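Some structures to go through are shown next.
Okay, so chain A shows up in both of these, paired with chain B first and chain C after.
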Partner chain A sequence: MITFIVRRLLAMIPTLLLVSILTFIIIELPPGDFMTQLAANVGTSGSSMDQAAVENLQRQYGLDKPAVIRYLTWISGFPRGDFGYSLDWKAPVRDLIGGRLGMTLLLSIISLGIMWVVALPIGIYSATRQYSLGDNLLTLLGFLGLSVPEFVLALIYLFVGIFVFNISVMGLFSSEMESAAWSPAKVADMAKHLIPPAIILGVGGMAQLIRIMRGSLLEILGQQYITTARAKGLKESVVINKYAVRVAINPLISVMGMQLPNLINGAVVLGMVLALPTIGPLFVRALLSQDQYLAGTMLLFLSLMLMLGNLLADVALAWADPRIRLE
Partner chain B sequence: MSASANQMEQVLDEATLSRAEEESRYGLSQSQLIWRKFIRSRMAIGGGVAILLFYLVALFANFIAPYGGDQRFTDYLYAPPQGIRFDTQNGLYIYGLEKKVDPDTLLTTYKPDTTRKIPVKFFAHDQPYKLMGLFDTDIHLLGLPVKDTGIFLLGSDRQGRDMLSRILIGSQMSLTIGLVGVFLSLIIGSITGVTSGYFGGQVDNVIQRVIEVIRSFPSVPLWMALAATLPQHWPPERIYFSITVILSFIGWTWLARQLRGKVLALREEEFVMAAQLSGASDAWIIFRHLIPAVFGHIIVIASLAMPGMILAETTLSFLNLGLRPPLISWGVLLQEANGLENLRHFPWLLFPALFIAGAVLSFNFFGDGLRDAADPYTM
Partner chain C sequence: MNRNKWMALLSVAVILSFVLSACGQAATPTAAPQPAATTAPAQPVATTAPAKPTEPPKPASKYTEAPMLAELSKAGKLPPVDQRVSEEPLLIKPIEEIGQYGGTWRRAWKGPADFHAYGRLNYEPILRWPRDPKDPILPGLAKKWEFSSDGKSLTLYFRKGLKWSDGQPWTVDDIIFWWEDIEQNKDLTNAPHAEWVVNGKPMTLKKVDDYTIQYNFDGPNGLVLRMLAFHGNQWPLNFERFGAFAPAHYLKQFHPKYNTAIKDYKQFNEKADDLNPERPAMTPWTVSQYKAGDAKLIASRNPYYWKVDEKGQQLPYIDTIELSLVENNDAVAAKALSCEIDMQFRSLDLKKFPLFKENEAKCGYRVFKWANAQGTALALWPNQSYAEDPVLRDILQNKDFRIALSYAIDRKKINSIAYLDQGVIRSEMVTPDSAFYVPEVENLYTDYDPKKAAEYLDKAGLKMGPDGKVRLRPDGKPLELTIETERTGADVDALQLIVETWNAVGVKTALKTMNRDAFWPRATGNQVQISVWSTDRGLEPFVDPIYIFPFDERSWMAPDYGIYYKTAGAKGIKPTGKLAEAQALFDQFKATVDPAKQLEIGKQLIKMSVEEVWTLQTVGMTPVPTVVKNNFRNVPEKYTADWIFMAPGNLDPSHFFFKK
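Let's look at the complex of A and B:
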């Protein structure tokens, strides 16, 4: 197992390098750079920034060097934990993204947890009562969950939260808790602001998991060892929970890797709508102001998160299903 | 006794019937089998019909919409949705709107003015447009004879434009951008996928590596980064086309992966060997034998990819990175609903979300049924 993980981690390095090159190319694509963008913005606001000042700043931040050199400088800082300098925020990139990456991750993990806790029992219910009213209703609801984009759900949540319940729904804390010291009350307040977004984030994945669990369990329930278990006189709950579900759960673990991108995508978008400190708002601002190193580093870290998540899903599958051999 | 004999007979009848049905299946072509299985799934048919309706509405959007997408009623900003009323005396009519400005908040509210009944006319003349981009006309399905107020079935927006008209006209963008995006992905994906599977070796390695790198990115941030590279000053048509290219930049990888697997298996079949032995070139084998052989698969994947494309366009436009005004799409419209104040006072700005969910739901049902049908040999 350890050798498998190490080998996968090593194989990740060349892919990550290619990903970083592609990232840098994309970030470099728009004409101009942060300074010309800044000059243009200053220009529209009335005062002007002369050409010499722009060039001076470009030289100061090394923006006049060829792209290859700038790429090499940027990427060679990574092993040292130096991800470049954000021109927009006048701060090292590392100081800006740490908390936000963590928040993106936290939101995704809570969401994943909720997804499983909800999807498993519903999937089992649907499979054991195939074509019943409840099953059909849940199937329809599942399709609906797949069809509504997260940001629309978030807008609806905003609407209902304000209009019907009159609660604070934006941001990570209520306004009165914002500057308070950490206390159980503050943690509870944060949970109140995090759990609804996590549910919204998980709706699509939940629908998918329910469908897969239902299909997988239906297939298992038709197998002979289940008939044998019933013939032995085992209780139905034991047959389902100990015999069938145990095996039927494996496909769910293997789709976990496929669901990660959606969770990361959703966390980015939800951050924008609900003003949560995820990567989203910072990323969009960096993209629009051409704050290259900040945008590039964030994109690279999101990819890294995705790759590590996939590795974890593979390991989890091997752990849950001993028939799978890792090489 | 006779009852049970009857029952017996019935069971036997059914058995012979189902056997006959089974045997008749052997005589059917693959496409007939697919059609049979597809028709059996009611949800998929419903989805298909709904999709057809959506596209028909998009095609005739300018006619069905009471007004043009940019037509403004400056006296009726943020008017709430109005209902069409009916009585025998007046036929179809709506009430005029009475405006009231709150002195404290300066918020304008509207109340139906029950003294003013405005008849609703079918085939009314209003803003001229080109039907399907071809015929000049100014006839709209519904309209009012008066021009000082409008009929706002789904309310009006910040600039006093009719939401229904904008949603209908926006459907042209939102529904076609996915179609074009899927089409581009199909072309790139089927050529690379089939080539990769057919040649194997180094070609396969390189293509798979490229796919792996692209798939290492979470799609939405990658789309956002790509969309941010589009210059602000580009004309709308160019932005539209660029967005489809950006969407297919990731879309093709999925298709290529799936087709590669299929072709890896097909490559060993006799008909490919026969073609090779009779001297057919690789290009001929790919385009005349392999792509037609996996065509059904391609169609299924295309219909399953549509919802993702529609959602991606709306998300990007919503985040101000995709289509931008003056273009109208569902995502562009939802952008106006963003923000607490907008939601609190003008919840009808959320109506485009209903249309998005409807379109995506239809495609999900349709694609799901098609996927089951594409494997017609399983019962």
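Let's look at the complex of A and C:
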């Protein structure tokens, strides 16, 4: 098991390097750079920044060097924990993204947790009471959840929160809690702000999980060993929970690896809509202002998170399903 | 003399209290400053003390301060307030009433690129824009100034005893440091800003004493007072280098010239930034808690702020400013709608005005419709220095052609499509409350009149072609124009309408939209036939007169003529006719320090720019919604906001307050 994990981790390095090159190329593609952007912004706010001034700044911040050199300087900083410099924020990239990456991860994990906690029982319920009123109702809800994009849900939540319940829905804390010291009240406040977005984020995946769980369990329930178990007079709850669900859950674990990209993407979009301190808002802004290193580093970390997520899903599957051999 | 008398009285009071307490009476000692207390016993006035036993205890100091500072100063952590406000503090007259201390002013901002959000609240220049744009420029850090008789030399007299927010003295050395080591340092500023350069020669500074300095120019500098009120602000040393002084005692340690251990200017740039909490400032609030990417920027009162109200209370009234970081204007609006904003003027979109209004009662705020000092929300510039097609350039240079284009714009429809009918149809770059306003040209050629447009096109020699749809140019080719823009949303609909109405009079027009990145270099590079932008600076156009005549590459009525003007003929194309005349007029404007003469020339320029139709204006003066909590006072309901005036900086945010 350990050699498997180590091997997978090592295999990530070339993949990440490839990703970093691709990222850099994509960010290089649009014409101009941060300084030419700045020239337009400064120009509209009362002073003129001519070509010479732009070139001067490009020189100072090394933007005049060829792309290859800039890429190598950027990527060679990674082992030292130096991810480059954000021109927009005038701060090292490392200082900017730490907390936000953590928050994105936290939101995704909470969301994943909620997804599973909700989807499993519903899936089991639907499978065991196939075509009942409850099953049909939940199936309908599931299809709704699958088809409504999360940003729409977020907008509805915003509207309802502000205009109906009159509560603070934006950000991570209420304004009076934001600068307070950590306390149980503050944690509760954060939970209040974090759980609704986590649910919104998880709705799509939840619906998917319900469908998979229902299908998988239905298939298992028709198998002979279940009939045998029933014939032996085992209690129905034991038959379902101990023997059927145990096997039916495997596809869910494999799906988890595929759901992670969706969650992380969703967290970016949701962060924009609900002004959460995830990397979403920062990322979009960095792309718009051509803040190259910031955007590149975030893309790279997002890819890393994906790869780690997939690895975790693989390991979890191996652990849950004894039929799988890692070697 | 007054001071001595005070001291004597104080000593009397202190000794009296000693005597009384010695007699076992319950006497409260006055909060006398320490020096008085220690010198008191040495003075032989004990015998006179009983003579005035009913003398009430005198207030300890001339000025009073916020409770949070009073505590610190009592504990000896801060000098007494009288020493902190400088010897000659600036008296602020209130807009509504004298205020009370306390409170946190919450608002939203969009990060460091939105530096105006912070910078305009902390607008603290050497001189100051007045609240009423028709008034003359006011004293700021400098209490008075005088020009030499030839206008070449300006002497500024600063308030004695001014201190930076860290308690270090502010002196004219801070100006000299900025001029020599920032503004004239090629690594930090590419070239000194034009306003400090007359006849191609940068100014020289002469220190008279710590609080007096002389700016010497090669010729009269008619712009310098405006610039000291505008650029005089210290924000942002950022990439724009807008300062006119800098904290030398703090910044020298990061400057390679003074600290040889430092090799480049990266650290200096970071440390000089307005948002660096360590950097001392002269502003009412200084950043106390912020690092890049933080969800909140917190700025606390500057204990050394040098302004007082009529009751002698040191400003600012409000303890702290809290700027919450949000992504975009929609998020600002959401903050306002969930009542998390106390007062905000920026980033609130006009189209959400009804929404804010609905929330007035719920959140306990008022929504003001401040006027925007906006000549036009949507301006089109026929490029008269267009070089790629000389025939087309000649057409664009023809005044009759431009008049025809103006008559072929349906401004009323544009107003309702894009601006909720809240704009004003107009053709003048300055707004009615500007000193330079010329009422008679406010509505020149602004009617929608396709017939007149056709007449003027015929007059310009552009006859209708054989197909009856497209007019022909003198060289026989069809008349085709391209409008280029980076506008989005409703503005594009408005432009589409212009394309239709121009096509209808036989001017075949195409609209090309692109992002700002692509547009900006094309427009400033003289490659666009007709550029589109919105204009501001409608109160004081001559700080940066790009919309009035070809001033530099941003003057899209003729960018290459502007470059010619900016570089004094080194680059660009030499203008002719009225455009050249306008540039010469502005030279005269710059060369006089007589305000009356400047006013006359300025009005002449404004009038000329409208009569010659250098800019095709549509509708302007669209209002800006401003959200103000009911108990947030000293904010006027009627106000024209202009960014040149650092709105709302010229309203003295330091005297805004929360009424209890």
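Definition applied: the second predicted complex is superposed on the first by the 327 of 327 C-alpha atoms of A that agree within 3 Å, B and C clash if a C-alpha of one lies under 4 Å from a C-alpha of the other, contacts with A are read in each partner's own complex, and residues count from 1 in each chain.
Everything that follows uses one rule, which is that a contact is a pair of C-beta atoms (placed from the backbone, for glycine too) under 8 Å apart; a residue touches a chain by one contact, two chains touch by 3 or more.
Keep in mind the model is a prediction, meaning the values are calculated, not measured.
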| item | value |
| --- | --- |
| Partner chain in contact with A:Trp89 - chain B first, chain C second, else both or neither | second |
| First, second, both or neither for A:Tyr125, with chain B first and chain C second | neither |
| Touching partner for A:Val284 - first (chain B), second (chain C), both, neither | both |
| First (chain B), second (chain C), both or neither touched by A:Phe4 | neither |
| A:Phe78 touches, of chain B and chain C: first, second, both or neither? | neither |
| First, second, both or neither for A:Ile162, with chain B first and chain C second | both |
| First (chain B), second (chain C), both or neither touched by A:Val19 | first |
| Touching partner for A:Ser147 - first (chain B), second (chain C), both, neither | first |
| Touching partner for A:Met272 - first (chain B), second (chain C), both, neither | both |
| Shared chain A surface residues [contacts with chain B and with chain C] | 30-31, 158, 162-163, 170, 272, 284 |
| Chain A to chain B touching residues, read off their complex | 15-16, 18-19, 22-23, 26-27, 29-31, 143-144, 146-149, 151-152, 155-156, 158-159, 162-163, 170, 260-261, 264-266, 268-269, 272-273, 279, 283-284, 287-288, 295, 298-299, 302-303, 305-307 |
| Residue ranges of chain B touching chain A (in the complex, touch as defined) | 209, 212-214, 216-222, 224-226, 228-229, 231, 307, 311, 314-315, 318-321, 334, 337-338, 340, 343-344, 347, 350, 353, 356-357, 360-361, 364-365 |
| Chain C residues within the chain A interface of the complex | 106, 111-113, 116, 186-187, 190-191, 193, 230, 239-240, 242, 264-266, 269-270, 273, 289, 291-293, 295-296, 298, 322, 324, 326-327, 331, 334-335, 337-338, 340, 362, 516-521, 524, 533, 537, 543-544, 546, 552-554, 566, 643-644 |
| Residues of chain A touching chain C in the complex | 30-32, 36-50, 52-53, 56-57, 60-61, 85-86, 88-91, 95-97, 99-100, 158, 161-163, 166-172, 175, 178-179, 272, 275, 277, 281-282, 284-285, 289-290 |
